[in-house]
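Below are two complexes that have chain A in common, paired first with chain B and then with chain C.
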Partner chain A sequence: MTNPSAVPAAAPRGWRAMLPRRSPKLLVGVGLIAVIALFGVVGPLFVGDPATIRDVGLTPPGGDFPLGTTLTGQDILAQLAHATRGSLYIGLLVGVMATFLSALFGIVGSYAGGYVDEAFSLFSNVMLVIPGLPLVIVISAFVPADQRGSWTIAVVLAITGWAASARVLRAQTLSLRNRDYVAAARVSGEPAWRVIGVEILPNLLPLLASQFVFSVVYAILSEAGLSFLGLGASNSSTLGTMLYYAQNGFALQRDAWWWFVPPGLIIALFGCGLALVNFSIDEIINPKLRDVPKRGKQQNRAPQPAERPDDDVVLTVDGLSVVYQVGTPVHAVKDVSITLRRGEILGLAGESGCGKTTLAYAVNRLHRPPAEVTTGKVTFHDRDGTDTDILALKPAELREFRWSKLSMVFQGAMNALNPVITVQAQLEDVLTTHRPEMTKAQRRVRCEEVLRLVGVDVRRLTSFPHELSGGMRQRVMIAMALLLDPQVMIMDEPTTALDVVVQRGILREILRLRDEIGFAVLFITHDLPLLLELADRIAVMKDGEVVEYATAEQVYAAPAHPYTRKLLDSFPSLTGERGAFVRETSGSPL
Partner chain B sequence: MRYYARKLAFYLVAFWAALTLNFFIPRLMPGNPVDILMAKLAQRGGTVDPAARRAYELLLGSGTDESLLSQYFSYLGNMFRGDLGVSVSSFPTPVSDIIAEALPWTLVLVGIATFLSFALGVVLGTLVGWRRGTWLDSLVPATTVLAAVPYFWLALILVALLASGLGWFPLLGGYDVVLSPGWDLEFIGSAVYHGTLPALTIVLSSVGGWLLGMRNMMVSTTSEDYVLTAQAKGLRDSRIMIRYAARNAVLPSVAGFAISLGFVVAGSIITEQVFSYPGIGSKLLQAVQNNDYALMQGIFLVITVAVLGANLVVDLLYALIDPRTRVSG
Partner chain C sequence: MTALEAKDLVKDFHVRVGLRRINLRAVNGVSFTLTPGRTVALVGESGSGKSTIARMIARLEKPSAGSIRVTANDREVPSKHYRNHVQMVFQDPFASLNPFHTIAHHLARPLKLHGRPHGHDEVIKLLARVSLPADMAHRRPHELSGGQRQRVAIARALAPGAKVVVADEPVSMLDVSIRLGVLNLLARLQREEQLAVLYITHDLATARHFSDDILVLYKGRVVERGPADDVILNPQHPYTKILASAAPNPDARGRLLDIDPADVEEAGSAPSYDHYTDELSQ
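Up next, the complex of A and B:
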């Protein structure tokens, strides 16, 4: 199934894709980090000696001391500048060491594979479950206080803090390792270090950056925690040791907030800045996480159903346009008008990205922002004589309409079934929602009934989707679509990704069920020859427009649009002899 | 079955690794811990008989002619018999007794607080991820700020404001000291009252991580095909959110919950220090301050075993909530 929300946005290419997008979050984050880093690097040059003791203990901020003094009259601003430098130093040390360790164990292990991977992965996992801080405390306790400097603390924190990152990196490397271009580089005999350096590392950069940022935050927070316990870098000055002295000088109890609050605030702001930068990095790794525009109020318009031309029509799409409201709006569907007759199979063909899936989803209002229906009408002409303007249905009415009048068959072989609940639960929740009056036993009977209709063993009800083959999952999808006896079924590439034999079986099943039950089908595929065999009428879409709309015979014998001819020519042997068979019956040798 | 066998093997290896770390750390460090210990013991008027010295040498190494290997095996033997040595700081109480007394406090306080934080974070993350583009989005940066604040700093400021300032909560301790510990209503009430503020600080500082993780997963799962199927099926929004999106999105959070248990027990050390709470964390710190190596090692071991046990339980639970793990292992 092509995802309609995957918009062909104007994405930057190459290395530019590695750079975070400029967003308010990123700007604030970078700003915070820059200001604090500058304070830590340059600040100590301009302030006085932080250790000078004066007889002006606990002076509130103002005058000579912009941030006040400690119990022993030391200048807090001076202390803060030196402590910030100390904390950043430790953060940087741990960041570099932990990132190096996690890259070593995560990337190298999973690239090498086999026993090395097993051993490295086991080691990372063991390090992960052995609790970090207690270990750090035990280790620190064995190191005499006068030997505990920034380096000791940094090494200990790096050793206890790399494992989680290694796991993340391993998972990502494993997936990269199987990509074609990496496999190609390996096959062509490039040395391992080169493959890792040239093919894998650049793709891991955003992830490495995010893990580095995470390590720095972890280190600064952990160092502060250790210092609070009196186990910090006792012979150097950090924000943590500053807080330790403030706490032991009863700063809060003496209402000397200016002593206690600033160091914590600097850590908090710095951590915040790094977290904001991390948000932006996450958005590179997973573009779905980008901010979405604020939801507008859904405007309800008065229903204006299209007139029913005759009782034979079940669905009218009239001048429908769908636009993806991105930077430069993309018109995915342009002024499309089609009608679907009762019991008919209408094929909708076109290459990927032509707008056929967007059209099909818009019919049932399954399109997601930024897709938006700008003009047009979709009307459902019910068997019982009412005409429904689908685009004007209120949310509750829409829910009721879906599946009971119009159901959909997605590409079940892929991901259309919920992987964590049983087939039965997924069939039954349609019934519990739409037919609340049914008893448990009745529901069970109906589920078994539809499964038998599509030729699936009823014992499969208790199976999970992953326990079924691709063809079987597709049959379950069709069974699900049949549950409420709908009048229209939209099928989106229902047989793509299945092998030819299974595909044949499913298509036969669809035709048989259509003949027995009499629903109309809107069948979407890129496979035009398949439609020639299956469909009554065919619409061919190109760049959002319907360029050809006629019966299957006409489309085959006398295609009106050059694009249709091109499509027909491009599939000479894909469906093998069956395709040729269709051609022969139409009587024109190709 | 293979899945469970692999898991079990992993935990055995991890447990052995923890035991070994415990054995080697004091031996790799400079100085002679046994001598420091004996001096401390003598200071407190303890009897330094050769048997006690031998026991400590076994625990901490140094000063024996025995080979490292045979020391290691005697040490493993002692551990399996549950013999963790004798505490120096509260001589001659066995380490295991001190741990048994302190452990329930930590388990209840940190256990409940962690679970609450996890549940709250997952529920909020579900809502934020599901209702993207609404005011709920602002919860993400807000809780991130809380997670970036040093925990003890936040806790101490809350204590200053809520306990010293407003007097809503007691300043410190696990219960009112005039009461004697027992299973009566008054004592339990006092313990709950004393535990509320510590629990609140734990939840506040850790909820952001859960929220962010769950929200990001929700964003990913809501664009999955099965959520679209559920919408096409005309199911109610709440049902789609819970049974289709959240049910799948929560899986990594549950796995993360297992991993975080290690950090949680670690965090309790600082919590207990801030609130002078009578749990395992404050005992560990007390051991550190008194160079009580036997107690330190014992507590580290118990924490490790607790974390491993909790991880094992979550792992087994994970196989229940994600049917796919049972086949793929």
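Up next, the complex of A and C:
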């Protein structure tokens, strides 16, 4: 259950998660939008009539006219203020209408399912493949110019602009409607409209906001394009119509840059501001996009492998500490020292968040910022007598080292196989990367060898992953980890997702392979009884520390740490007494 | 006196494989009765149909055939009051509470929907029944630990006054050290309020200690049923025997290689489409 990315500081959720984080992107974006919106709303009150014609055509900026005048002597600043207001008006109208349409077709359709969903989805798809701008041009051209007001244009833009958002919302709703909390609301008897409105919709808010912002950008740009082509709203003034008149007045040829640059700039800056806000909203939906400030660099240390304690040891972890460098640094692994002997199965037990997965990742240098090894040493003692300080390896050396000396089977690894590539191609890929000197025939032989080792029929080589059962896929992953004959295998909850009977088969295989090949296994799991049966020695972790480290027999017979005792008591015995299980008595719960 | 009677439940799923439509029978003629104050455990591995049965009892899926009758005070409960009597606790407390709403919302809604008083006091009473402090009411799910969330989920199931509770792997997503606490809570509520509990799990050990009767499911059929201790300590069906011997057992170190691999492969493989080809004709 542990996941290194889950350890850093608890992210705010609920209401606060709906608000974007304050980042430079967001501040700049909101600033740009605020300034332009203020100009559009308040500006027209202070500037004069934009339509007044004077005999001071094409005056450059300065004096009475801060932004100069048009060919017919109209004040460009006044025009700009009114045009900004016009464009914002259309943008807002389209944003509201398009978001409403996309929510209606996207959310309601996918929640209802069945034929309603099919029909709504088909309609959205049809709208999606109709090229937007040409349709807008055709529709606008059909509406007589004197009836083409802002509303007409806004409706046309909304009709052509909602479909893509509806697809996005549909996909997200399809995922949300299968969540347990939606099922729970149905079981408690909530009517459908409340399930959509109260349970699903709030969780779609960031997405809706993002789609709204996107619609506004789309509307302002499309309206400018339409107006520029002379198909925009008549009798209205927008940034597009300004550009249209500048074009007709040959502003470019007359070097009257002050006529077309300001409206162009406002369109660009407003679009830019909305896009920046959208980035910030995206970061709420997908926290992985957030920039993690990197603190300090990996210290470059001279390789200093630990002393080889005796020939039997293959891996030494000495005083290892791993810290997640977030707001308040989290010490996920605290001063852990363990040794792994050749042919030994070392069990690492602990509950979620105890740091066991972080430890496994750090041993293999798979940890990523913000996780950082602050102190300690991880030394690999090779069969041939050389010792390697894993934490000091250079990237190229590390690539060489990983998998060939020390391989890893991840939690849920069976889902890590690429679904569109055959098992054989995926196994051979490892060989071509690490053993480029092998011929095709040799690779084939090796792949068959490892599959046979893990008890999978070699005919499965040509199968695709989905044709194999979960247990079989996990065996293939173990085969992949065996390909290069590693001396250490780290297995992170390799059987947690599997049924007990399948798990038993895989454990049997691991034990047999260990006896035949003699590699050492670091076996990580929350299942202490399993380790008691399987492992030679067991380390129990709690809050980043190893609180108990002894042979399996000792841990079972005489656990030293109270936490170990508590863990042991938590597993009711299948055939023994009820233990802590208070079913028959009326004791108070934990 | 029975609280719920399920008779010959059948559930077919239609799966499209390429151009063919395959009829996948997930549940095949399962019958059982739930009695107030007793717990029945449904034990099986993934694909055995146990969650499908839970979802049918909770009316999240419609049975393809068979019937579910709920009785209260010896009278059959009409369909529209079904949910006042049958509630469900879901497997994953991290998914079954809406991250957007407070705990109070999660508890007040079912109270209101089932026409009971739904003020702050009632919410706090519910919280107290699952041993949670009153100040939990204003918190949101992410502020609670997994065990606390599952207690909220149990309180939500109790809110409508349900007498039948379906618990679908209620502790499998929780850390081991808090599992017993949640199970003991369920056991206490069951005893004190005479609930009829259907406990669905893949864990034989908790099934034995937590329930009165055990039904072992294999590929949609009940292969063995009986009092909990009899089924676990003296299994009759070969599948139950394999299941019991596959569970980790610290007292049996070194027996890992004793299980015949052929049995394991045979019994352990998840139901695949070819197991259902004989039912295609139906």
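Simple rule for what comes next: the second predicted complex is superposed on the first by the 545 of 590 C-alpha atoms of A that agree within 3 Å, B and C clash if a C-alpha of one lies under 4 Å from a C-alpha of the other, contacts with A are read in each partner's own complex, and residues count from 1 in each chain.
We take it that contacts are C-beta pairs under 8 Å (C-beta built on N, C-alpha and C of every residue); 3 or more make two chains touch, one makes a residue touch a chain.
It should be emphasised that the depicted structure is a prediction, and the values quoted were computed from it without experimental measurement.
**Student:** Between chain C and chain B, which one touches more residues of chain A when both complexes sit on the common chain A?
**Tutor:** B
**Student:** Tell me the contact category for A:243 with respect to chain B and chain C: first, second, both or neither.
**Tutor:** It touches chain B, and chain C stays clear.
**Student:** Give one of first, second, both or neither to describe whether A:143 is in contact with chain B, with chain C, with both, or with none.
**Tutor:** Once the two structures are laid over each other on A, A:143 reaches chain B alone.
**Student:** Looking at A:131, would you say it contacts chain B, chain C, both, or neither? Reply first, second, both or neither.
**Tutor:** first
**Student:** Give one of first, second, both or neither to describe whether A:399 is in contact with chain B, with chain C, with both, or with none.
**Tutor:** First partner only, chain B.
**Student:** Touching A:271 in the superposition: chain B (first), chain C (second), both, neither?
**Tutor:** Only chain B is touched by A:271; chain C is not.
**Student:** So in the superposed three-chain picture, is A:187 touching just chain B, just chain C, both, or none of them (first/second/both/neither)?
**Tutor:** Only chain C; A:187 stays clear of chain B.
**Student:** On the A-aligned overlay, A:408 touches which partner chain: chain B = first, chain C = second, or both, or neither?
**Tutor:** Touch status of A:408: first partner only.
**Student:** Of the two partner chains, chain B (first) and chain C (second), which one does A:556 touch, if any: first, second, both, or neither?
**Tutor:** In the superposition, A:556 touches chain C alone.
**Student:** Which chain A residues lie in the overlap of the chain B contact set and the chain C contact set?
**Tutor:** 1
**Student:** Which residues, counting only chain A, touch chain B once they are in their complex?
**Tutor:** Going by the criterion above, the answer is residues 1, 3, 5, 25, 122, 125-126, 128-135, 137-144, 147, 164, 217, 221, 224-225, 228-231, 240, 243, 247, 252-253, 260-261, 263-264, 267-272, 274-276, 282, 286, 288-289, 291-295, 364, 366, 368-369, 398-404, 407-408, 410-411, 414-421, 429-430, 433-434, 464, 466-467, 480.
**Student:** If you look only at chain B, which of its residues touch chain A in the complex?
**Tutor:** For this pair, the touching residues of chain B are 10, 13-14, 17-18, 21, 25-26, 29-31, 33, 132-134, 137, 141, 144-145, 147-154, 156-157, 159-160, 164, 216, 219-220, 223-226, 228-236, 239, 243-244, 247-248, 251, 259, 262-263, 265-267, 269-270, 273, 284-285, 287-289, 291, 293, 296-297, 299-300, 303-304, 307-308, 311, 321-324, 327.
**Student:** In their complex, what parts of chain C are in touch with chain A?
**Tutor:** Interface residues on chain C, with respect to chain A: 45-46, 58-60, 83, 87-88, 90-92, 95-101, 109-110, 113-114, 131, 140-142, 153, 156, 159-160, 173, 175-181, 183-185, 187-188, 191, 202, 204-206, 208-210, 232-233, 242-244, 246-253, 256-257, 259, 261, 264-265, 267-270, 272.
**Student:** Which residues of chain A touch chain C in the complex?
**Tutor:** Against chain C, chain A makes touches at 1, 10, 13-15, 17, 179-181, 183-190, 198-199, 202-203, 351-352, 455, 469-471, 499-505, 507-508, 511-512, 526-530, 532-534, 552-553, 556, 566-567, 569-576, 578, 580-583, 586-590.
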